[in-house]
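Some structures are shown below for you to check.
Below are two complexes that have subunit A in common, paired first with subunit B and then with subunit C.
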Partner chain A sequence: MYRLFAIPTLIINVSIILLPALLTVVLAFYRWDGISNPTFIGFENFEKLWGDRIFWKALKNNVIWTALFLTFPIAIGLIAASLLMLVRRGRTFFQVVYFLPMIIATVITARIWQGMIYNPQSGIVAMLNRYGYDVRDPLSQTSTALYGVAAADLWHWWGFMAVIFFAAMRQVSQEQIESARIEGANYFQLMRWVMIPAIMPTIALMMVMTVIWSFLVFDFIFIMTQGGPAFTSEVLSTMAYRKAFYELGVGYAAATALVISLFGLTAAFFYIRLQNREDAE
Partner chain B sequence: MNLVESRITIIITYTLLGIAAFIALFPIVLMLLNSLKTTPEIALSPLGMPEVPHWNNYVNAWKGANFTRTFFNSAVLMFMTIALVLTTGSLTAYVLARKKVKSWKIVTVYLLATTTAPIQLFLFPLYFGFAKLGLINNIFAVSFVYCAIFSPFSIMLLRTYFLAVPKELEEAALVDGATPWQVFSKVYLPLVWPGLLTVSLIVGLYTWNEFLIATTFLQGPESRTAVVSYFLLSGQYSRDWGDLMAGAMLVSAPIVVLFIFLQRRFIEGITGGSIKG
Partner chain C sequence: MAHRLKIISGALVAFVSAQAVVAQDAVTWWYESANPEQQAALTEFMIDKFNAKNPSDKLTIDYRGSELDKQLRVALLSGTGPDVVNTPGPSFVATMARAGQLMALDDIADEKGWNDRILPFFMDLGRFDGQLYALPKTYETLGLFYNKAVFKENGWTPPTTIPELNALADEMMAKGIVPFGSGNSGWRPANEWQVSIALNSIAGPDNVQKALTGQIPWTSQPFVEAINELDSWWDKGYFGPDYFSLNGEQVMANLAEGTAAMSPTGSWNFGLVPEYFNGRQDEVGFVGFPSGEGVPYPIFSLGIGSTFSISAAAQNPEGAAKVIDQVFSEEFYTDINNVWQGEWNMPLRDLSGVSLNEDVIPLYTESMAALASAVNENQYGYTTWTFMPPATNSYVVSGIEEVWLDILSTEDFLAEMDKIFQQELAEGKVADIPAR
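Here is the complex of A and B:
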């Protein structure tokens, strides 16, 4: 009887996610334009990927993205959270302000950064140019486009980390903190020897999730640069999307999607282990 | 850390927290200021105050992005998704929390795994499947896609609320001859409503803001969401930044107002399950 309760969820989830996912695995071995009949071509899509310069560029960008998001938001989040622990007044206010960018739609955030900050006619960049500083729109330069997009994503992201780490730090036992204080530990020693070790499980989980999310990143890049200029900000997910919907290479896109999933799956394995360990306790 | 800090430490701390708050608010203030300025005023300086508030930008943005229609679409999509997630999700959360069945472990792992699956892993066959069934531009069909994507974390969040209900209540109801359905609907649902509210807020927020699925499945001018319509508008006339910032304000305003009033629930819902002790 109780089994029936889970059936609606499972039917929806299996038909929207699992079945199409399995079809993607199959499609990766076919050539298909989305209209005519698919042709089986074995490993040809994967061989083509191996020799595709843009694929390697996109993969490298995903790795750079992962490195950026494993360091900056986590470091800033930890610092902000630890500072919040020091104050008594204004905790809620600062949390709400830090979290605000997180709830604004990606399209909006992207357009604010493009038009009001990076734009050489209307943005902060234009203003700096007038004052004689030689700055350019990072999105238009091949060397900086990826970092320009990452800055906007980072702006909307770090507050989320700060709020999570702050919530975790508040659960550290008061006695532990006070005894460290009585022994004369300063702020840095307290962080290094008490707070960070105590919230390590949360930090580990966030790092695993960061790896997963970094390989999924799509919206900011698709909206701000479409992977350009000259594919310098392309990542695997924007590449797969372009192949499937603009270049009629659905099989090739499916193969790319499998590569993304491979990275995600490895991280997901650790994620599920962390989650289950928590449940067992 | 309720210990006395030296005055200088407190001053430095507040200064740093203030700088961080400034960084978080700066682009939002730019959006607000420039939504009331003309294009030449913005070109003069994005930081200047508007000479006279140029409310006409809001009218232009409203018309340009056809918000009368697209806000309605977003709202319908949002409410259908919330309804679907709540009905299917609460049932599953209940059995996962309370019933010991061997296969539940597989269900849990499967649901956790789907939360980490890239959308591209199922997007392409799903799109062509929907196209074949004539479901492109169908808001109702897309709410099922959102339900599948947002259900797993909703279930995990709801499960903790079901776990918090004392088991004795269920046992007493069963002794009195209640059916499983009655136990769920009469005993549990009235007690887990804070969880249902939190999930509604988060799912509503995600649905309102979602871009990838919406832009792929809802392309027609009559079925677009507000976010996609804004995206297309800003791609077309990307020089009229006053209008575009006004449009940005319109799309974000409902969410920001709701967030400020219910921030505790939002933060709890979005961060829920992330803190490992």
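Here is the complex of A and C:
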């Protein structure tokens, strides 16, 4: 009888998430322009994807993005969270400051970075050039376009990590920390042997979510470079978007979306296996 | 209790009957983006005047932003959407018409006399399978804006041939002036303006027409030469060091300042001239882009900004027809172009009754007149966004960056473009190209 309580959420979940997801999976095997009728073509979309050099470029960029986001925000977030633990007064203030970039709409953040920081005529880059430093707009160079966008998104993201890790650290029992202190542990030893192992489940979860989100990343890239210049900042989702809405190739875009989900699912699979192994212990 | 019930029911009856008396048929129109001044202009000149003339209809305009075409696609697919459909161009009309989403307008055109009021060339562009499905809202062209003051100071004249252009650009580079002020940061498809110019002014519109109808491939020699020339301009630095960083407004500002001497862009930029050449409108010039060997000068590539259609699932098709009819009137042309140039250049046959305010720069009216006569004399070209099918068009935008940045050779770029184009041609996605 109590299982009936799950029905409302199930209905929402099925209609808004499951059905469109299934439709996307099905559409990946069709050719469709979004206007006329779809035609079944089997694995042709996947074959085309395999031979598409832009697909491999985009995939490489997603992997680079994942590597960037698995390291910097988590490392900085852990350090900031531990510092928040030390500070008693001003803790709320700093939490708010760290979290503020997350609250600002991504469009606005992206435009500010593009127009007021990176821009060689109206941004900080322009000012640096005027003072004689030869700085180029990273978004305009093929070698740095992806990293330029990543910098903006990292600035936007690491505060979230800091707040999450801080919340987890506060759950660590005080006795453990105090006993470590009494035994003469310094900051690094405290982190290495007490704090990080204690919040490992949270860190693991954040890493899995980072992998999933890194393959989904879209907004900053689309707003700042749209995948350019010359596809050097293209990621799978911007490619799928372009294929679906500008090139009228919805089936091909669905196939790309499936690849994105594949990576996310793999990450989720490993996470659940990790959890089960921990529970078993 | 009974007394209160009587009052409530009486009020209800009065309310319902009042609604019945003022029952109007709504006409819905989804528009793209418009800033507050522009929306006010549409309200004053379109909505209010329409509602006054047609008391039985009530027009509403819904501003959907730059993602309008995607929202339209989804809505029309599900049988909903507006009565007046603003499609992004003829290449979309073909697909939508084939899918039965648009209403055939031949009868309405005959009834309202559109065939006499609108330039026949543009009527042809909206036909598909022999029937009329769309009318162009505005036609635009590509050309060369230039800073007259800078030219006068240096004793330069606008070039008419490619060798003249190259020589002039080299002189400008030597003086530290950017020859082609341009940037794609705000609108990445700015890339295809340059490609359209190269293909039409250097390879020539006859060749482009042959390629668009599948008679010659895009890998033909004239196109190789055109793209190679475009690539050489990039390599020589004519587009400036900040092409990927500047947006359209910054480009106009640079042109007005004189840090850029010319700007190959579209006639829609007349909308920016009042702000950036404030008080010195006589310092801006607009001419056709120089032509290559064997190509007449000037070639004005034609673009159709968007088109009007009536949805096949329209709730009020007669009202929609009346709205479109009002748009294609001299009165509306005058009203709207006084305050919002560049977006509402409806291809009316007879513009003699139109006289714009003094604060609209005469250069705009002159340029539009020059464009109209160029069309009559067959000196028009084909912009990529209007005449190319969707996937080919999308590839042009990104692919040319690869050519510029030496990731792809011209031949490979054209080969890939041709491959995509031939497939779309086979799938019937290319609009009917009228004969020259």
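Here is the rule we go by: the second predicted complex is superposed on the first by the 261 of 281 C-alpha atoms of A that agree within 3 Å, B and C clash if a C-alpha of one lies under 4 Å from a C-alpha of the other, contacts with A are read in each partner's own complex, and residues count from 1 in each chain.
Everything below uses one rule, namely that contacts are C-beta pairs under 8 Å (C-beta built on N, C-alpha and C of every residue); 3 or more make two chains touch, one makes a residue touch a chain.
Keep in mind that this is a model prediction, so the values were computed, not measured.
Taken together through their common subunit A, the two structures put subunit B and subunit C in a clash.
When the shared chain is aligned, subunit B and subunit C each come close enough to touch A:122. In the superposed model, A:135 makes contact with neither subunit B nor subunit C. When the two structures are aligned on the shared chain, A:102 is found in touch with subunit B, with no touch to subunit C.
Once chain A of one complex is fitted onto chain A of the other, the partner contacts of A:187 are limited to subunit B, with no touch recorded for subunit C. In the superposition on chain A, A:75 contacts neither subunit B nor subunit C. In the superposed model, B is the one of subunit B and subunit C that contacts more residues of subunit A. Using the contact criterion defined above for the overlaid structures, shared-chain residue A:33 touches subunit C, although it does not reach subunit B.
In the superposed model, A:67 lies in contact with neither subunit B nor subunit C. Of the two partner chains placed by the overlay, only subunit C lies in contact with A:226; subunit B stays clear of it.
Of the two partner chains placed around the shared chain by superposition, subunit C is the only one that A:248 touches, whereas subunit B remains out of contact. Of all the stretches 43-51, 61-69 or 313-321 given for subunit C, the clashing one with respect to subunit B is 61-69.
Within subunit A, the residues touching subunit B in one complex and subunit C in the other are 34, 114-115, 119, 121-122, 245.
Within the complex formed with subunit C, the residues of subunit A that make contact are 33-36, 114-115, 118-122, 137, 139-140, 142, 226-231, 242, 245-249. Taken together, the subunit C residues at the contact with subunit A in this complex read 70, 73-74, 76-77, 95-96, 98-99, 101, 184-185, 188, 241-247, 250, 254, 390-391, 393-395, 398, 401-402, 404-405, 407, 429.
The touching residues of subunit B, counted against subunit A in their complex, run 1-3, 5, 9-10, 13-14, 16-17, 20-21, 23-25, 27-28, 30-31, 34, 39, 42-43, 45-47, 84, 87-89, 91-92, 94-96, 99, 101, 107, 109-114, 116-129, 144-145, 147-149, 151-152, 155, 180, 184, 205, 208-209, 211-212, 216, 227-228, 230-231, 234, 238-239, 241, 244-245, 248, 251-252, 255-256, 259-260, 263, 266-267, 270-271, 274-277. By the touch rule above, subunit A contacts subunit B in their complex via residues 1-3, 5-6, 8-10, 12-13, 15-21, 23-24, 27, 34, 76, 79-80, 83-88, 90, 92, 94-109, 111-117, 119, 121-124, 126-127, 155, 159-160, 162-164, 167-168, 171, 174, 177-178, 181, 187, 201-202, 204-206, 209, 212, 215-216, 218-219, 222-223, 237, 240-241, 244-245, 250, 253-254, 256-258, 260-261, 264-265, 267-268, 271-272, 274-276, 278.
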